[in-house]
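Each chain carries a letter (A, B, C, D and E) given by its place in the written order, and its residues are counted from 1.
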Amino acid sequence: MMRRRMVVAFLAPALILYLGLLIFPALQAFYLSLFETSGFGDTPTWVGIGNYTRLLSDPIFWGALRNMSMIMVVGGVATFGLAFLFTMLLNSGLRGKKLFRALIFLPNIIAVVAITTFWSFVFMPRYGLLTSVLKALGLTSLASISWTAPENVFFAMMVGLVWISAGFYTILILAGADKVPTDMYEAARLEGASTFQIFRLITLPMIWDVILITLVLWSIHAIKIVEFPYAFGGPNIDQNLYTPAIYLYIMGFGQREPVYALGYSTAIGVALFFLTLVTIVLLRFVFKRERVEY
Amino acid sequence: MNKFLTLRGAKRGFSYLVVGGWSAFSVFFILWIILASLKRNRDLFGKPWSIPIDPAWGNYVKTWVNNRFGDYFLNSLIVTSVSVAALLLVSVPAAYVLSRGRFAGRQALSNFFAFGMGVPIPLLFVPLFVIMTTMRLGDSLTGLSIVYVALSIPFSIYVLEGFFASLPSELESAAIIDGCSDFQVFRHVMLPLAGPGIATVAILNFVGLWNEYQLSLVLLNSPENRTLSLGIYSLITSMQYSGGDWAGLFAGVTIVMVPTILLFIILSERMISGITMGGVK
Amino acid sequence: MMTTVEIRNLQKSYGNLEIIRSADLAISSGEFVVLVGPSGCGKSTLLRCIAGLEPITGGNLLIDGDDMTVADPVKRGIAMVFQSYALYPHMTVAENIGFGLKIANAPKPEIRARVLEVAKLLKLEALLDRKPKALSGGQRQRVAIGRALARKPRIFLFDEPLSNLDASLRGEMRVELSKLHAQLGNTMIYVTHDQVEAMTLADRMVVMRQGVIEQVGAPLELFNNPVNRFVAGFLGQPPMNFIRFASASQAGQVMNGELPGGGRLTLDLPPAIGAVSTEGLELGVRPEDMAVSAAGALNATVEVVEQLGGETIVYGRLADGQALTAKLAGQAGIRAGDRLAFTIAHERLQIFDATGRNLRYRTEEAVTIERRGDLVERSPV
Amino acid sequence: MMTTVEIRNLQKSYGNLEIIRSADLAISSGEFVVLVGPSGCGKSTLLRCIAGLEPITGGNLLIDGDDMTVADPVKRGIAMVFQSYALYPHMTVAENIGFGLKIANAPKPEIRARVLEVAKLLKLEALLDRKPKALSGGQRQRVAIGRALARKPRIFLFDEPLSNLDASLRGEMRVELSKLHAQLGNTMIYVTHDQVEAMTLADRMVVMRQGVIEQVGAPLELFNNPVNRFVAGFLGQPPMNFIRFASASQAGQVMNGELPGGGRLTLDLPPAIGAVSTEGLELGVRPEDMAVSAAGALNATVEVVEQLGGETIVYGRLADGQALTAKLAGQAGIRAGDRLAFTIAHERLQIFDATGRNLRYRTEEAVTIERRGDLVERSPV
Amino acid sequence: AELVFWSMWNEPEPQAAALRRIMDTYTKAHPETTFKVVWNGRQNQTKLRAALQAGTQVDFADQDGDQLAGGLQKEGLGYEIGADLGDAKAALLPGVLDLYAAGGKVEQVPYIYNTVNIWYNKDMLAEVGGTVPQTLDELFTLCGKLKETSKHALVTEGNVGFYQVLFFSHLLARAKGSDAMIKAFEVKDGSGWSDPAVLEAAKSARKFWEVGCIAEDARGFQYPAGQQTIALGDTMGELVGSWLPTELTESAGADFPWGAFNFPAVAGGVGKATDIEVGLVSVMVLKASPNAKEAAGFVSYLLSEEAQKTLVADGGVGVVRDGVEWPPVLSDAYASAKNATALSGFGGGLGVSYPEFNATVLTPEFSKMFLGQSTPEDFVKVLVDKTKDYWASQQ
């Protein structure tokens, strides 16, 4: 029913901006990954796929990938578990749904540095908020745990990350769930479905498209994640917190140490890009379902 | 009977406990930041639980005046709102066409846009700087806005497509019968119905751009052009060499945080009052 | 299965908007109650209150004597067929029907068997694997009914379950529902716009108007002995004729009236009635209670004739311009412009005063009135 | 306004699923055509094809002689009332109704006036500022009708527009639609399940079955002269009785049959018929064409009696167990177990062969059959 | 001409204010030279990189010397300024100009001076009757004394590897001399690390925990939690740059009794306690600048007594010119700079010469060992292996 003219007119501005300021520079960058260069106006040295072969045997990159997968899977399970729980509870007829929804989303609107600083205060040994709460509760052995010591810091970071993300995905999923006609819920309630069953059997399948969207967003987020772990890691981030994207940043942008391996860094970026593509395609394939229209 | 009631009460109570507890933590978080912004540095670290009986308002004055947060605030507001508005203007129609149009290559194009989400932003720093400088948009808020719009397109289109796709096609039929041209179907029926989705995307982008600093760091130089998040960023980086004013940092964070919270409260009302599909039967 | 439903002074408002003013109704176990009333009068709302989908603003709801005013819908043991179907779009027909059983943790083979049984009853066997989106309106409605049937609840609530079916299927479904009721003996509450459904299915009918229950009783009781002009006019299709008397006067238990065009009537009134105002009195005549006959007291000019095949509806005007509708059996050869005289059956007439009250309403338990001229020849069995 | 619609060999499939096989239909200007048929037979689909909402798989659609097979819906000058209402949830009732005018750039005061006018007609004045969400089912349906009315299109398509209204409102609306049609003279295509609507509104009726048009004709023509068993059974409520002959034999233009229980019948056949197989012949008798009389040829035992107030439906069984339904006027005092004898009107009987063909179908232009025993006394005007 | 200066300082910082004043004064004396400053903040060089790609004109810029060395200077983008400095060269503190002068070519000019010392609370030292430790053993003894009062001698930030690595670089330097780190790394088969002194240094670093110099929970301190314990009086000091007093002014107060001493000598080591690690902030004139000469003129002025004094007074920093007193709180640092027998960059200078190895191997691996996730032996082994790999991949 749609005329070609409208299709073109509606797509053109987005497409032009997208091509000009994302695809074109991205291609330029991708091209750069075939060179060894610091990016300081020198003439880059052609190394072909050299950067990529190096990447394959770079244990730091693999370590970062492992961290990334942990975030994607463990963090994902926690985030979505919470988001589902909140969606379910908020839609079970609680009073003050709007208020709760806003408060759950709240962390997302605060600058990441503020959040990480807050969490470092929570986890800080000796004076920290968590430590003092545990002490006050008489749990001295728990209180003496150093939550941010190298062996724990990744999980401490994950707690903060999940705290933020749960709110973000709750909002998206709730927005989806609101589209489900209320009589669906009513019918299910009459048939004796519990809050959990309603969520699992009615809401979830009916907003499957939204779920898929959020899963894809989460994966992309997990793959590209920089800010939160980076800020959490402080001025000289620990390798325990590296994600590939952070590694990219460190290798290419002279953070603290004057490492300016822009070519290599770009290769990491390209690898991440393809990782994203594979993940999106995989997710779409695995979670594909018929579209539900109501 | 009574047993039922209490069981139900217990379930209810559990719901409130979980949701309420989580929300309470958010409130605590905000309060803590605000309180921290009123403390002296020494107490901040020594007594993180303490309440500043003698609030150090000076932290705000310092941040607002010395660090030009007043100017930054205005910049942020302009850049963010203009970008979000422009972004919606560009991506809503595109998402609509991509999700409800019928033309060859629609799916491919939609995927093509989605793939943009996979490009790591740091890769674009140098090329974007070069492009912006060549177009004489370097170091300007306009340039920054344009970049913001372009880089937010994939995410926005992706999410919006989902919202458009699930609207009942019956309404499209009705509008066509009512004499709407394809544009009018969009303008008068689909667009308002996707309102909650658009508001959601607007909020998410607003929040994201309001706190964005990496791109602005690369693209902006002049202090008078800086945004609030850059201001925060420079506060943090100045911790090294010129003094760790953490309380001041929290004052800055509070300044950045308050408008977002306000905006969120206003916009979320819109987002939340999702249109119930009562009319379709 | 013994399930009574009792509604005591039930009220329901949306904000300031009073939808149900005050409803009292006692439904005994196994009864089939049909709610009728004009669109928007609150039938669906009442049903939803009973089901527990809407919080009740005031009053009480008792099921089997237990106060269920605030109970969870599940606790009430209710199944409901929604006016909007409310089918789950992501489930097949079979899954839709079996959903309640699945929730109740019934074993799979049992669910399958039950679904098949219900599907057969509703002629849905061929559609079991389709999604609701690929069904026609009527098919969807049948699935909605099937979903309720499958669960064997204590009480069935039906919100216009047959409104989208074609006449013959509707007739069949009606008989099936009737049988079902006979078989299961469940208490059923049923909303419909279809008079035939209402009359044939109901043990008792409830007539509502603007959130108020106007009259409750057996179908024929309401039909023959309506409490007021509204009930009289609402039941029967085409609706009852209301004819303003040219003049009327009361003489004790007798009302003398002059019809437009000169015909005269003398009608007795129930003993309890006393003196009434003869201002604005109207005569109520059902279209089917009129017969064409030269001796008739009502004279009308035909304006429109509707041939329904099995019967003929004649729309005419009386001498003073008042409208008159008559329903004649078969396909009468009447044309617009004809002038007809109708005889009317005195014992089936009603008289309404200016407030709408039926002066001939008999407060004693209504008696089914024998038909004038019995067509039946009873042969010894 | 002169608008003809012509459908030539129209086909419509969803994927492999053939919904409309091949439909031919010529609708002349200003005609009121009603589509009837069982649920799921493709009525809505046909309407959507005409409206241009579904691409047509094969064949042609002409409006006013112009080929509109692939034309934009707007070009076709059509208004449609959807079975599922399809109201815009974000607009008030007034905005919903006025939307088409707004799109057509009508001036605001004009829109307002038109909306008010339509709202009045549909009794929606009080609801103009509500959103669809806060309306009852019937109210929504009226808004949907209002939306179509407001626009004054060339052709109206109605998809069961009255199915959710109560009987009296439906009656009124029916009359309003009828008046409207008389007034505007638009071409109207109307889908309904309601036989009364179909019979009274239609200039011509189209009976569909599983995507095929079975018969087209004036309502009484179809009623009295059905082409086959399906059409005969589909029209008329309760449906026609089909009684298997105990035995039958053809003698030229005459069919002799023996009824279960011993009654005999001799019926003439149309001249064109020739020799037919007498295997599996069935007699078609409409329930309203039977009268209780000791001399009747059909003997049945009563099983169920339904009192509809204005009429009584009797369900019985013949001697060999075949079901029989009779419709009697008024409230007959018949009880289950009674044994009744019915006389049947010979000239209104149909005979169907094993394939369902009506042997008494007359191919000449059908004549309205005069009713047996004319009740009318025609007075000179 | 108008000189474009891209600066690592943020506009509100005192250093920026000082520079501003110096430029104004310079313009007064040389009216033909004006300045356009872009206060970029610490990401200055990274932004410069993009700007250079776009052909933006920048005349001179400043940044940490280490970073300039690994960035612009390494790419040969610096203007060789040595000749333009004239007699200013001779007036500087020892070793300052040579530190980054690769092959004798001076391409960046340090103008702000930070030393690495153990920064401590003088009162606390006095309370336990301690004196400034001259040897490692004395330091450990002091640790013991402090521990008895349930305080700690030192602290570190659990998430700042380049602070932690200072222990290693100092221990190694004290044992093998100031350039030991780089020397060990430059043995291409990795065997440079097999020297027992390396293992010894690693073990000594661990000892700081074992003897209780550093509190066990410091492993979990996220910057700046560790250094705050000094302000709060829980810890005596930290091995860190001379910026620490500035960073802690807000928390510790202006009258905190700051002192600093050099990392003590190690028994049998060839390195002296006066060999120090420094962090200098430099300016660099860009080779591509059309106004390089003019910019170089300004840079010479930046080293003048007048300008350097302004930096001290307005910027509160230590400076490079000999004879210009540093702010009082930094007086110990000034002394240590004046008496320095050898200078090396941060972490033994590895971060300047081989930033990538330093960032991806040495620092994280040391940090792992230091915080107890691996053993000194493992650490040495990793260094050997990775060094070998590194050089192999450079072929």
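Going forward, a residue touches a chain if its C-beta (ideal position, glycine included) is under 8 Å from a C-beta of that chain, and two chains touch if they have at least 3 such contacts.
Predicted model, so just to flag it, every value in this text is computed and none were measured.
Ranked by how far their CA centres sit from the centre of subunit C, the chains are topped by E.
Chain pairs A-E and B-E differ in how many C-beta pairs are in contact, and the one with more is A-E. In this assembly, the chain whose C-alpha centre lies farthest from subunit D is E.
Centre-to-centre, using mean CA coordinates, subunit D is 95 Å away from subunit E. Mean C-alpha position of subunit B lies 57 Å from that of subunit D. If you average the Cα atoms of subunit A and of subunit D, the two centres end up 60 Å apart. Averaging C-alpha coordinates per chain places the centre of subunit C 23 Å away from that of subunit D. Residues of subunit D in contact with two or more other chains: 73, 84, 134-135. Shared interface positions of subunit E, i.e. residues touching 2 or more other chains, are given as 46, 49, 53, 225.
Touching of two or more other chains is recorded for residues 1, 39, 124, 127, 181, 235, 253, 292-294 of subunit A. The touching residues of subunit E, counted against subunit B in their complex, run 6, 9-15, 38-43, 46-47, 49-51, 53-56, 224-225, 227-228, 231-232, 243, 246-253, 316-317.
On the side of subunit B, the complex with subunit A involves touching residues 11, 15-16, 18-20, 22-27, 29-30, 32-33, 45-49, 89-91, 93-94, 96-98, 100-103, 109, 113-128, 131, 146-147, 149-151, 153-155, 157-159, 162-163, 165-166, 168-169, 172, 176, 182-183, 185-186, 196-197, 200, 204, 207, 210-211, 229, 232-233, 236, 240, 246, 249-250, 253, 256-257, 260-261, 264-265, 268-269, 271-272, 274, 276-278, 280. By the touch criterion given at the top, residues 48, 51-53, 72-74, 78-80, 82, 84, 86, 88-91, 99-100, 102-104, 131, 133, 147, 151 of subunit C touch subunit A in their complex.
Note for the complex: subunit A touches subunit E at residues 38-42, 54, 60, 120, 123-127, 144, 146-153, 233-239, 250-251, 253-254, 256-261. Within the complex formed with subunit D, the residues of subunit C that make contact are 14, 36-40, 44, 83-84, 134-139, 142, 160, 163-171, 193-196, 199-200, 219-220, 223-224, 233-239, 286-289, 291-294, 306-311, 313, 327-334, 337-341, 368-372, 374-379, 381.
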